[in-house]
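Both of the next two complexes hold chain A, though its partner changes from chain B to chain C.
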Partner chain A sequence: MTHTAAETPRGPKPQRMTAGRIGLYAFLLVSAVFFLLPFYVMLVTSLKTMPEIQHGSIFALPSKATIEPWIVAWSKACTGANCDGIRVGLLNSFEILVPSVILSIGLGAINGYALSFWRPKAGNIVLTTLLLGAFIPYQVFIYPLVRMLSFVSLYNTLPGIVIVHTIFGLPIMTLLFRNYYEAMPADLFRAGRVDGGGFWTIFFRLILPMSGPILVVALILQVTGIWNDFLFGLIFAGRQHLPMTVQLNNVVNTTMGTKAYNVNMAATILTALVPLVVYFVSGRWFVRGIAAGAVKG
Partner chain B sequence: MDTSVAVRDLKISYGALDVIKDLQLEIARGEFLVLLGPSGCGKSTLLNAIAGLIDVADGEVWISGRNVTWEEPKDRGIGMVFQSYALYPQMSVEKNLSFSLRVARHDRADIERRVARAAEILQIEPLLKRKPAHLSGGQRQRVAIGRALVRDVDVFLFDEPLSNLDAKLRVDLRVEIKRLHQRLENTMIYVTHDQIEALTLADRIAVMKGGVIQQLDDPLTIYNRPKNRFVAEFIGSPSMNFFEGSILEKDGRRVFDADGMKVPLPCDLAPKVEPGRAVSLGVRPEHIRIGEMGTNSDEAALRGTIDIEEPMGPDTLVWIRTGERTLAARCPADARYPPGQTVPFVFDMRFASIFDAKSGERL
Partner chain C sequence: MKPRRLRNVAAQTALIPSWLIVIFAYIGTIAWTIRISFTSSGIFPHYDWVGLKQYDRLFDSHRWVVSVQNLAIFGVIFIVGCLVLGFLLAVFLDQKIRGEGILRTLFLYPYAMSFIVTGLVWQWILNPTLGIEQAMHAWGWSSFSFDWLARGDRAIYLVAFAGIWQSAGLVMAILLAGLRGIDEDLWKAARVDGIPAWRIYLSVVIPMLSGMFVTALVLLGIAVVKVYDLVVAMTGGGPGISTEVPAKFVIDYLFNRQNVALATAAASVMFVAVFVVVGPWLYSQYLRRRPGEAS
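Presenting the complex of A and B:
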């Protein structure tokens, strides 16, 4: 062994693997396995036949993989009397998702813009009210909302559920955009006014084009939030527009004979696909959005 | 006076706090007016009120003979340049320049002509296609000036436009702004806390403190005949030397006396102060000369010990201790002033200022 006591610190500092490092990596690995295992079980179960599920180990790979359960889940699984699979729910979910996301983000952005730049006289009251609204558990609002919506004949309709999602998304969206705009230099807004911009011109031509990162963050929050919603969909959407999450529940809970675990697993993965894709595709964007927001206004 | 901008009885409040109260200001057409003062003195607030970016609690703002108190900023005939440049980051320089024209729906040929003219004046033609992120600080500020330029307005408002630039660029751009003013002959209102910018650029300077204009005069009057102690202290670097004392009558002449330091008053000052009055005497560093004995009656001969010597290049700043006081003197750079040496020095009393000790007003 060469003892290089005379080694002078120079150049890049050598990286050494310490016991702490090894422990850290081991912990990360275990955590990753812990969180991935349920998904693994779901995936392999959805590819097995029922007899294999009943006799084999739940961790084993399928001996003969089959996509039959996926087909059943997609187009044949029964929810009560209808046996059209959960594809109906997928369409319903999109019908609810798209307008709700656009409306809640759009209104949130306009609210945040108005509150941070134009500073209306009662702005602080509006903001406090919104904040308060965000903190009250929303189960409290459900019954009054049902009554209000039926009064205007929107209960159990698509516009009804869209309105509900938009309203409940508004506090967090407003806050998100307000904080983002608050960090933007006010001089930009002043310059816009001197240059002749009115409320909408400044919003659409100056502020919105600078809101890219926060729009991505809002999009992720709202898409995953609204897609994963169960309660509002169940209560407000009406039988014609039940979202995929409610359909999934109906598929899983409709028991006739033995529970079709493989079909249930396939249906669950199908339902979870949209938020999964959002995370995988936009994960990078998400981080970039947050970083961009932190560095530059 | 051909008035370009007038502010009458202006009052601006934030809640219960009056930031500006009963302010009057008249600015002539083509004048370069600098609003100068420490931070929080209300100079930027006043500028924003003229621009129409904040609401006034009372009073009127007139621009080019129109009462614009209730008008939107865009309708006031003003262009504004901000400290933070406030360029639109997603637009190229060209789009930044033309934004106001596009909003106002000018036709394409007119937009092109105006942008080309502004770019030519400010020498930013090679930058037109670039985004603000790819410009240096000086280039950004030129674009910001250009944005005001294309609008062909009567009045330019500058809100500390050079404060974010480094020292050398600041001097360069300062000269350019002055040249721009000479070329365009617009009215310009310029807010700064930098007295050198104020002295070099202004036709008139309004020195502000606590929302009140302390003095409104041309730069040399502000510098040489400050109206009160605040103005005297704020203008000049290093500050004017102050001595607290009172007036004595000695051998038929009026003499300023501060703990035994006796300084005879010049003939023009003497009649304004009666003996026994408590006053402060202000002498600028360049009006102290080291190594001379008083020879004429307008000079006061004194002695002190050199404390510190600061060579500045063109001249040297010498700090002299005399009794309890330390005072700054601006001396020729060709001599040396070894610390510890006792030297005679004189005040050139022709340029001295005397303020009432209580009110701080110039006598």
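Presenting the complex of A and C:
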């Protein structure tokens, strides 16, 4: 959207190093420290021994770095009676993530395509409800959904949590693809119709191959969104499939006895790793995702 | 112009999953939730009718009142904090500075992380004994004391603070895109007329960015109403009930306190409150105008 515009800085013309310029850099520097500090604290804490944590400053570098907390966090940290480490949650999160992302993006793309090019009868009702649904607090939906899913024996199962993520990913995904397809030239679609293409032929042969950019944006939004989810995982995933965020919170906030802060911070970094990698790899695309996410707002 | 109403069977069929979701998962669940809120259900729902009794109980409930108050405090601090910090960061980044790319990346990375991670990090940094306090002692400021996280009257401010750390970058990203869309001539004209830059920002740029501000406001507003994970991770609602929020009230009464009717009454209040605010706005934004321009 603002691809080239964002490349070149605009605004008032810079002056030489005046007092104002120095103040400006000072503010940005302080802000940078503020934003970086928590990550720095996480990292150094995860590399310290517990005695050092108890007697030293949280900002100090470890006097003798140890990776023991990371090993414990990965394979031995306990939630309740289970002491298999945070890796269990990592695996669960991937098991939830992959089908949920594919389903919600697929359904959103088909929705957007059908709503923008085919304009089916009463399509506006679907769109309006989904638009509203993007704003309504999840608490309103949860209890009846629990009952419905248990009625079909899917409550506390992997398919159950995947369905829930698909349901609540649908509004933003539908809007995303619909707006993208609305902006596509209709002639293309008409040409496809003239050639005798049906609904699915046009979608798979014509529209989908041109959806690259929006698929990337959708992927970023859904991967980070679903990975970072806590509420749905807690309620719908069931004990066998608790995602990493829920397991992390259990490790940190329900431990008995002395808290192992170093292990906690190692586990926290591990949980943040997937969305952080997505963020740093995707770069400008992530910002596009935010702009696109704004369609729901 | 797109072909209108090609009544294609395949298109209708493709929408069937969405229809099912809309009818059952959205409309049906809301109706069901509201229905239960008028019953005397405990652990399991039963469908008697007690009128507004649950709502009376809800607003008599100290915990609910505290939750709503906290939501207001959190909401105001979080939204104002994010908007102000985000705006300042965007404006300062827009001054042709060195290292803009790196700084922008730094300011936004917390937004990629979950509220659980955010809450746990700040819980640790603000730890009343081992956190900042001990660090200050180690640096020789031995009388320094910072125990807000353990204080019922202060902890909610820290939750809002952690939220700002996570979300300010979002505002920055949105507003920076807006600032980049402003015509260079504006600055030239201002310089010719000798108007100071801050006045231009205040009386020209901010009104020009009003659409972006609204977008940011709505995104932050949604986050406020939904705030749950941040509180769970950072304070667990404590000390006592001092950082409870409505979203947590509903979940706790549904699953831990087994009072389904009271929980659904609280959820219904949340729904109505959001609907009253969002409904008219959505109508003016999307439905009256030709939809699709909003991207």
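Observations
As a convention for this text, the second predicted complex is superposed on the first by the 259 of 297 C-alpha atoms of A that agree within 3 Å, B and C clash if a C-alpha of one lies under 4 Å from a C-alpha of the other, contacts with A are read in each partner's own complex, and residues count from 1 in each chain.
Criterion: contacts are C-beta pairs under 8 Å (C-beta built on N, C-alpha and C of every residue); 3 or more make two chains touch, one makes a residue touch a chain.
Keep in mind that this is a model prediction, so the values were computed, not measured.
After superposition on chain A, the partners chain B and chain C are seen to fit next to each other with no clash.
Applying the stated contact rule after C-alpha superposition, one finds that A:D195 touches chain B and leaves chain C untouched.
Touching more residues of chain A than its counterpart among chain B and chain C is C.
In the superposed model, A:P51 makes contact with neither chain B nor chain C.
Of the two partner chains placed around the shared chain by superposition, chain B is the only one that A:M210 touches, whereas chain C remains out of contact.
In the superposition on chain A, A:L127 contacts chain C only, with no contact to chain B. By the document's definition of touching, of the two partners only chain C reaches A:T271; chain B does not.
The gap separating chain B from chain C in the superposed three-chain model is 5 Å, by closest C-alpha atoms. Note: residues 190, 193 of chain A belong to the chain B contact set and to the chain C contact set alike, using the contact criterion stated above. Those residues of chain A that touch chain B in the complex are listed here as 185, 187-188, 190-197, 201, 205-206, 209-210.
Residues 48, 51-53, 72-74, 78-80, 82-90, 99-100, 103-104, 144, 147-148, 151, 159 of chain B are the ones that touch chain A when the two sit in their complex. Across the complex, chain C is touched by residues 1-2, 5-6, 9-14, 24-25, 27-28, 31-32, 34-39, 41-42, 45, 53-54, 56-60, 107, 110-111, 113-121, 123, 125-145, 147-148, 166-167, 170, 174, 178-180, 182-183, 186, 189-190, 193, 198-200, 224, 227-231, 235, 245, 248-249, 252-253, 261, 264-265, 268, 271-272, 275-276, 278-280, 283, 286-287, 290-297 of chain A.
Residues 1-8, 10-12, 14-15, 17-19, 21-22, 24-30, 32-33, 36, 45, 85, 88-89, 91-97, 100, 103, 105-117, 120-125, 127, 130-132, 134-135, 138-139, 165, 169-170, 173-174, 176-177, 179-182, 184, 187, 190-191, 197, 215, 218-219, 221-222, 225-226, 228-229, 232-233, 236, 246-247, 250-251, 254-255, 260, 263-264, 266-268, 270-271, 274-275, 278-279, 282, 286-287, 291-292, 294-295 of chain C touch chain A in their complex.
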